[in-house]
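Comments concern the structure below.
Note that the chains are named A, B, C and D in the order they appear, and that numbering of residues resets to 1 at the start of each chain.
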């Protein structure tokens, strides 16, 4: 029996896979970039399905809004846009390696006993995840706010700081690299 | 009683002189050239007085045994040092200090103008100290140490004029050849130490010389601590050392070359003292040899053969010092033969007299050299007019060497020949007879070459000296010997040189009366046969008795000696040098030099005076190949140096080893390095620089890990 | 004058000085002067260590101990553990002496002076550390630490194919140390409680035994031997030595031949003889065989050399072979082993250190002034450089075993000891002294004697400062030659214990059989 | 819709991205492929967070969100990587007039 969620999942799956294939095979880089945006949006859809709404929003903001645009800029700025996405000499090794890895991953995914949480607890998880951002108290919980924000500046404060440093470094590095030599 | 410190002082005086010269005079006071000489002479005077004192005390039967001192104590490897003042030592000490003193006085004159005079006296001090240490040693390791040190001083003094390549080469040769013998000596010492437990069982020390004597004696229970093959091996080892030092065949070839050193050095080291150390060594261990008959026979035969063979070589040498050198080898052969025949007293007596007359002969040769500027007798002649003293003194020395009554050499040589004649010693009578024949033949040759030397040097007309020799060498295009100078001033040597020779001549003439003739009961307070009795009293073990005077032998040896002199007179003194002018006889030169000589002669003839004509022909050359054989010293130098050392050893053996080291042993190392580099180069091909290729390889690795995990690691997570 | 930490100070003073030079000493003259002062201070400290050693009967085996836990007892149980006994105290003295001489021999270095002296001082520190550390981990640390300065000295301040030689030296030694590391780990793991304490392994009660060892004892023995044999060096792993010596600067040659080769001999005596008494007696025949081959082979190859430094290097192979011959003396009949051979081997380490040090200082002087080490190009130097020539000649005579100089004493002790065990082998090795006379005299004849050469007309002799190391080393050679007891009585305190252990072990085995 | 189907989709996306990263010659295309791989990884992380992780749910609700925090970090790092990556692309373009990855092998020995 096919639920609404399943239908959405399948649609998203087909869209994302087709778009991803498009990204890597289409000759025109500009079109690749547009298809890449489609992949990002489909992944955002998956996030919603997985009740990670906050992440979905972040995905759309950063990937679709920023990164895709950056790519398009880059393609525009490097002149040989249209004939850029040529395959190199590693076609057969690349396909075989990827296929092998894919088979391996699928086998691993199917054969492993993941011991998922019991069906009964699913709702609880979903609501906890959904409310992660808002922090509204739930029936099974005694109302403490346990949002992502608290996790980020609490338990994960060190990685958080490290990532901020990384971003700063990337910012400076990007500037230094992109700056023309003379000035 | 003599205090131990006084006995040590005999050794320490020259050592002190060495230290003062090398640490104070040579660095700071080198501007006063004779100072070091005076210092050494003063030290030697003190040492001589002490030596005579010790000798007198010893003769009076004083107890001169001193306890040994520990030098190195490592459990059973204890090495002690001490003094052994037996009669043999006492005699040797007097000889060494006495001759050394005279030679140093002579050196003051002979080395006067040499810039290295301080160095010379430093080396001489070192030598005298080492030689005294050698004869005084009570421990065999101590003896070996001084044994090597005299070798060192000999090396330094032969190579004293180190800017002469021939001197440097001769010094090296002397050291290495004696060292070959020394290895035998060292092995004997090691072998003695090896028997340490057996020695210790009898309460003996395997390195203490009197204990070694005792060990060789038969025990009451039968056998000996050191007996049979072991004893023979030890004796042969010791004899190897002695043969090296005393220039016995086949280790004799260094001694003639050693004449490259200053003449006083030759007189002291290579005639009177150091070369006699080999004889001393065998005498020192005589109680061992007596128990080892095989070793005795070897000593006797080697000695006899050397006495004869060296004398034959002495016949043809042109260099006055080389004649003397072969004579020394020959006389040392006499002493060795005597020891081998069991004639302990005669051997030492000959050592004693030989020290005087041979030192005298060498000093005389030095005196002649001072006048003529060369050692080559072909360019001398007629010197008796200018140098009457030298001539007279050399004549005394020569007659003593030849063994003419009543000079010292007669008495000592006669005792040795008598011992061989009687053949009463421990060796087989047939061996003794063979030795007797060799020794008598050697006596004939000795007389001949000695007077050949005297006639060539002092008789006839003067033939130009060093100046002429340089001229000829230039004309023939061959390098002149480095010792030749063009300073020819025909005159008697200064008094400082003649006086020591005079003292030696007196000793060479009269020393015989210390032993013989036995029918004289007492002469000037010295009892008849004193020397032999005294020396033989050193033999605490075993027994040796000098044979009484033997008329037939005395007659035979005198006749033989006179015959030799007569022959020499016929061949050399009858000749008029002018008759030789232009007469080109085949002198025994190597074929290579012959070719150059032919053309050179013609140019040389142009400016030749009759009075200045060098002795071009050698009467003995008529013997043809025999002369060549002798002149080239039986080709032994060619065999040793040319064939064995240069080719077989250096070029082939060492060359091959060196090649293998560079190419095989190191080659394997370099090969493995090369292989590593090649493998690296091969693997580096994978380093394409293509990021995506690297990525693919990484993913491949990830796949492998994944597959591995899926296939084998199913249980890992459990 | 002894105080706690004396040994630590002795070992680490050069390192501190190196740090000081790195941080605040400026100017070449200042650096040289400072290094000289430190070298002198360290020499005095090492003399103090040598004198402070109590040689009495009841004295502790290891003295002047500095011990601090380094890695806790629960994990690796390693400690910072320094101490000296009769075997190592003379080695410390030798290192101090040669270190000082090496500093003076470096006076003419003109390039990158600061860097040079830093490496030289670090080298001295590392070698001192090897001789004094009593903890295997620390021992290994110092053992490896010495490689880097030596590599730098050869590769940067050397001559000829210097990078090749430096790399060859490095690879050979590291290969050897790799074996040693395996052995050290196995030894540490073999004990009831993991421990790197070397002193335990030297005592009969707590020595390794075959039953509990992680690897067979004979394998451990050979693993250690491999490391020490490369360093010694013994045939056939000697070929790094001629190259390294030839291309190293003078001071590095002095340190290399003078003290670093001694690390190999010291290791053999300390570890292979001290800790494996059963194995060393069982394999004595093989050790002495390698020793005899080294002695003769080294000597024969030496004769063919025409480069002064290469000649001395090969003669070192020959002379260090005698150390193995001396160690071979433990192959004597059960219970009959005496200390002579081992004492000779230990003394040979010291004497060869001073003799070769002197040879290299002398040759360094000649090279510096005559600009060549090729023997056929030399000649007649004795007249121009009497002091240097005399020093070289004395070193040469000591090297060929002339009595009165130090080489003789160690040689005769080695022969005495070894003959008890292997007579034929010993006789063969005695023949080496003839060859030694051959090559040494040939070298002296060709380089010092002969006619004076035109182009050496304005050579100058050693300056007073340059004469200091010559005089020091000559004095030590003569002192040991005339009065060897001042060293052997110290060596003997350590060697008697080893010999006792070996004899007890051997008779014990014989009893079991 | 299940964990397995989610993982399979992510795996397919990852494989496609990998293929692109290995087989494209244009640097920008390679970077885009890498972004697809990042997204695939994010997908699995979030899927695990949803289906597997909250075993400890009853003790602490926060662990449910760990997967999402990880995803946020990944997104941040991806952003930084793109910023730098494109910077390098510009630098390379400026120096060689090309953005072809196979030509960029100057760092080879």
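Keep this in mind: a residue touches a chain if its C-beta (ideal position, glycine included) is under 8 Å from a C-beta of that chain, and two chains touch if they have at least 3 such contacts.
Please read all numbers here as calculations on a predicted model, not as lab measurements.
Chain pair with the larger contact count among A-B and A-D is A-D, by C-beta pairs in contact.
Chain C has the Cα centre that lies closest to the mean of all protein Cα atoms in view.
The distance from the centre of chain A to the centre of chain B, with each centre set as the mean of the Cα atoms, comes to 101 Å.
If each chain is reduced to the centroid of its CA atoms, chain A and chain D end up 7 Å from each other.
Rounded to whole angstrom, the centroid-to-centroid distance between chain B and chain D, based on C-alpha atoms, equals 94 Å. Averaged Cα coordinates give chain C a centre that lies 60 Å from the centre of chain D. Among the residues of chain D, those in touch with two or more other chains are 18, 22-23, 101-102.
Within chain C, contacts with two or more other chains are made by no residue at all. Contact of a single residue of chain A with at least two other chains is seen at positions 88, 90, 93-94, 97-98, 101, 105. Pairs of chains meeting the touch criterion are A-B, A-D, B-C, B-D. Residues of chain D that touch chain A in their complex: 1, 3-9, 11-20, 22-26, 28-29, 31-33, 35-36, 39, 42-43, 46-47, 49-52, 54-55, 57, 60-62, 64-66, 68-69, 71-73, 75-84, 86-91, 93-94, 98-99, 101-102.
Those residues of chain C that touch chain B in the complex are listed here as 168, 171-172, 235-236, 238-240, 297, 300-301, 303-305, 338-340, 343, 380, 382-383, 397, 402-404, 408-409, 412-413, 415-417, 419-420, 423, 426-427, 430-431, 433-434, 437-438, 441-442, 444-445, 448-452, 484-485, 488-489, 492, 496. Touching chain B in their complex are the following residues of chain A: 88, 90, 93-94, 97-98, 100-101, 104-105, 107-108, 111.
Listed in rising order, the residues of chain D touching chain B in the complex are 18, 21-23, 30, 101-102, 104-109. Chain contact summary for the complex, chain B toward chain D: residues 684, 687-692, 695-696, 699.
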